Amino acid sequence: MDTVLDTAFFVAWFEDAAKVIRLRREDLTRLDAAIGDADHGVNLDRGFTEVRKALADWPPASPVQVLVSAGTTLIRRVGGASGPLYGSAFRQMGKALEEPVTLARFAGAFEAGVVAVERLGKAAPGDKTMLDALVPASRALAQAVHEGLEPREAFERAARAAEEGTQATIPMRARKGRASYLGERSVGHEDPGAASSALIVASLVTVAGGMPDGMTDDVADGADGAGG
Amino acid sequence: MKKLINSADSVVGDALNGLAAAHPSLRVLGQVVYRASGPRAGKVGLVSGGGSGHEPLHAGFVGYGMLDAACPGEIFTSPVPDQIIEATRAVDGGAGVLHIVKNYTGDVLNFEMAAELCDDVEVASVLVDDDVAVQDSLYTAGRRGTGATLFVEKIAGALAEEGAPLAEVVRVAGEVDERSRSFGIALTSCTTPAAGEPTFDLPDDRVELGIGIHGEPGRNRAPMAPARELAGLAMEAVHGDLPLRGELLVMVNGMGGTPLLELYVVFAEVEAFVRGKGARVARSLVGNYVTSLDMQGFSVTVCRLDDELTRLWDAPVETPGLRWGR
Amino acid sequence: MKKLINSADSVVGDALNGLAAAHPSLRVLGQVVYRASGPRAGKVGLVSGGGSGHEPLHAGFVGYGMLDAACPGEIFTSPVPDQIIEATRAVDGGAGVLHIVKNYTGDVLNFEMAAELCDDVEVASVLVDDDVAVQDSLYTAGRRGTGATLFVEKIAGALAEEGAPLAEVVRVAGEVDERSRSFGIALTSCTTPAAGEPTFDLPDDRVELGIGIHGEPGRNRAPMAPARELAGLAMEAVHGDLPLRGELLVMVNGMGGTPLLELYVVFAEVEAFVRGKGARVARSLVGNYVTSLDMQGFSVTVCRLDDELTRLWDAPVETPGLRWGR
Amino acid sequence: MDTVLDTAFFVAWFEDAAKVIRLRREDLTRLDAAIGDADHGVNLDRGFTEVRKALADWPPASPVQVLVSAGTTLIRRVGGASGPLYGSAFRQMGKALEEPVTLARFAGAFEAGVVAVERLGKAAPGDKTMLDALVPASRALAQAVHEGLEPREAFERAARAAEEGTQATIPMRARKGRASYLGERSVGHEDPGAASSALIVASLVTVAGGMPDGMTDDVADGADGAGG
């Protein structure tokens, strides 16, 4: 029987992502200082903190609700380029998500989220943006589904792909976002949005790793503890 | 880093409180700055916004003859759609609302989202993209909006104040943008309150050419040089893109940390350059108008005037940052 | 040090060329800045001056409703008597001339010498000495003139514009000075073009309290603190000397290198302080008006208004640095 | 027979003082940075350069003319506190000077110049100003006249007194000029105006030292060379 990713799993995902972003806030901002305007870590930290608050204040009843609430909160609270982009990604992911959530359905929804980013930002892989982490992650997920892997392993593959995609942004010359203003000078720096995307995907691993095989609602607390 | 703030988190809100306290002509509600007098029936509403840290842009340009509302985001971060939606609805006097948007991915996306969600208001938008340091091509996010934003806000604001319909205001706003070009040079980086350290390091014998207004590094570096040469570099870049001709509106704008004395030195060189090209500075502004926190440096923005634009530039304006004629 | 100048020697002259080019309402002749419109018969002429580096003070305040002429000296160096004599003679409309002099040994001596040599013009002078950081005693050169200079120039200028006789203008100018107090705090030193290095060193965790406007060190240092505390320190110093009461004119002034955003943060605290004392900010200015080159920091100046002073403050003014009502 | 200080001697004095001030410009400005506004060296250099120019453009016919021209030029070109103070000192010195100039007459005129500074600046020795160099120098000159010394030795005494007076300003708390704003913090720093006064007095030694015993008009060129 397929593992089901329940509401608690999604809540735990955002909880963990929020913690990691808080921890890496200064690193992300420093990456943005090199080729942008030194606010990416601050922006995402503000947004994910609000996401946590929203999820606590209005406990969501379903995975779809988690994603839509998170996406809406990011749009409403982040601003900048990354707010609408991440916000739309999660909202579209939520809207595309069928419940109960199997890994295959998760992968499909994830791809819908990535497509939303592509549409909104009019960017493609190779432009040195978050898409250079998200697109490989999405492909890795699809491949894992194809291979019939368990969520944990699938997430590990996606996280690895996102991380590799992030590293691959270093030699790229930016064609979208603020970094594109630097022309050649954008070469040699890691894209902050790709870096934050890799962190968010990696949180899937943490949360899945903290979960016993048969995932249930009360597992979330454990995941939360593991991510803390 | 030393800054006159209470905390990095509260700086925008605290400054807005100060703005409201200092200017009874403004009202601040939910991180939107309005004219205290409210919308005027039949007048096109003008809304702009963008990251904070560029003061007096935009909030300092709310008032008679210019903006109806400004949406300040966090430092260097575009505002969120909620602010823009609220502002748009609040300033609509039945004649529609113009969004004046600086061309940055974040500003564009947030204003677009807001505009889509304001289906009860007729919304048009103009994209300001005057910075010749960025080539508009498939390989960039397009030219940045910098100093010309002030020109667009002033001139479109004057036309709106006269009661012109939205389509007319849109046309003139677009015309100002098309006729305007900017180029900026930094002597130092700036320090955002949240980062606490300069965004980039710039040695004492180097300047950063082709900067924007977010403390981002420029296209390249050059050796520090006398004001005449730096002004020449900036003006050549502008002139190379839009040949200087006829009557010009010229702004020599400080990036926030450069004293007025030096801006006048630069203006003298810019004016001589313009004369050298056979054009004329018909109107001018010298001061800190579109800033980048505490950055030292300047930008120069040129707009090729025609009779209509000159008349609208000269029209009365009454805002904290720009005021004449009343 | 990087500055937008051609050379340390030419900076004042170059900036004056820029000023003249930017403002057709001004005329610059022999290092004196005049209204282009010339003297008005029967109107008391107002002349001020002082070292350069404080822009827009004084040259930026020449125009309708304020000064008739400004005499800029070299950087932080008071003007020479020749400039003052020329200015005094040129602006005399037959009703006499008021010299507005900031209380510094150099300014006082040069204006005194000039006044003595202008025996063909009726000259009176007012000494501005508002800085509470300096105790007026046998042990000092007396209180410095800082921010209140702008208040005196504006209010006396408005009265002169109304055609009041010299004695009246002198009285009001003196009254403004008596009712005004200032206190300044620096976060950094400034760098003069000639010296090329900061006048003093200030560690990253310290501020300089009780600074003047010439980059001179203050009375003492204190740990860096949030805006609320720094504003409180300045306001306590002012309040301790002249209890805050009634309607106040308050200026939160930047020292030249501090962005407007931070000045609004300070203003919010100052306004709250004033309210806390049961007084009211009836009029205000927030911006870089009386500066110290590129110094970061602020000063606050408070004037206790009465009906006459409020009316004169509100009267139209049209200068590059201050403009309203026309 | 008394040595006569002729026009060339006075011209040479200002020539030498101008050179020394140019050389020490940054030192004087640095002293002023500590307790003033960092312009004293720049101010005096500007002024004495103009004095040299004026003396070259309108060659003075007498010692009185040298002093009055120098004083007037300083008043017209320096600004600040030191311009009127030094300017008035030299103008008053010139007006008080009887010709032909003996050492005794020079000392009397020098005192008149110092009195002009005292009157104008309303300061006294001990206030940490140029007077702390000038007053001791003037007294030393008077004493040297009393003892019947030759100019060169008299000037040496005056220069020593001025230098000692300058050093004595270090522990003083300023009561006049910009330094007085610093209160206690002015203690521990040498007064820039005293320092420049000591240099100007020292130039008398240089110029006198370059002259043979019986001073004549053509001696000045030698003095000029010695000071160069």
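Chains: A, B, C and D, in written order; residue numbering restarts at 1 for each.
Heads up, the rule we're going with is that contacts are C-beta pairs under 8 Å (C-beta built on N, C-alpha and C of every residue); 3 or more make two chains touch, one makes a residue touch a chain.
Keep in mind it's a predicted model, so treat the numbers as computed, not measured.
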| item | value |
| --- | --- |
| Length of the shortest touching-chain route, subunit A through to subunit C | 2 |
| Per Cα centroids, the chain farthest from subunit B | D |
| Between subunit C and subunit D, centroid-to-centroid distance (C-alpha), Å | 34 |
| Geometric centre distance via CA averages, subunit D-subunit B, whole Å | 55 |
| Inter-chain centre distance, subunit B versus subunit C - centres from mean C-alpha coordinates, in Å | 29 |
| Interface hub residues of subunit A, defined as touching at least two other chains | none |
| Multi-chain contact residues (two or more partners), subunit B | none |
| Chain contact topology (line, ring, star, complete or other) | line |
| Chain pairs in mutual contact under the definition given at the outset | A-B, B-C, C-D |
| Contact footprint of subunit B on subunit C as seen in their complex | 1-7, 11-12, 14-19, 21-22, 52-53, 55-56, 60, 187-188, 204, 207, 224, 226-228, 230, 256-269, 271, 281, 284, 286, 288, 291, 293-294, 296-298, 318, 323-326 |
| Subunit A to subunit B touching residues, read off their complex | 29-30, 33-39, 42-43, 46, 75-85, 120-121, 173, 175-178, 180-183, 185 |
| Contact set on subunit C toward subunit D in their complex | 51, 73-82, 104-106, 109-110, 113, 133-134, 138-141, 144, 192, 194-195, 199-200, 212, 214-220 |
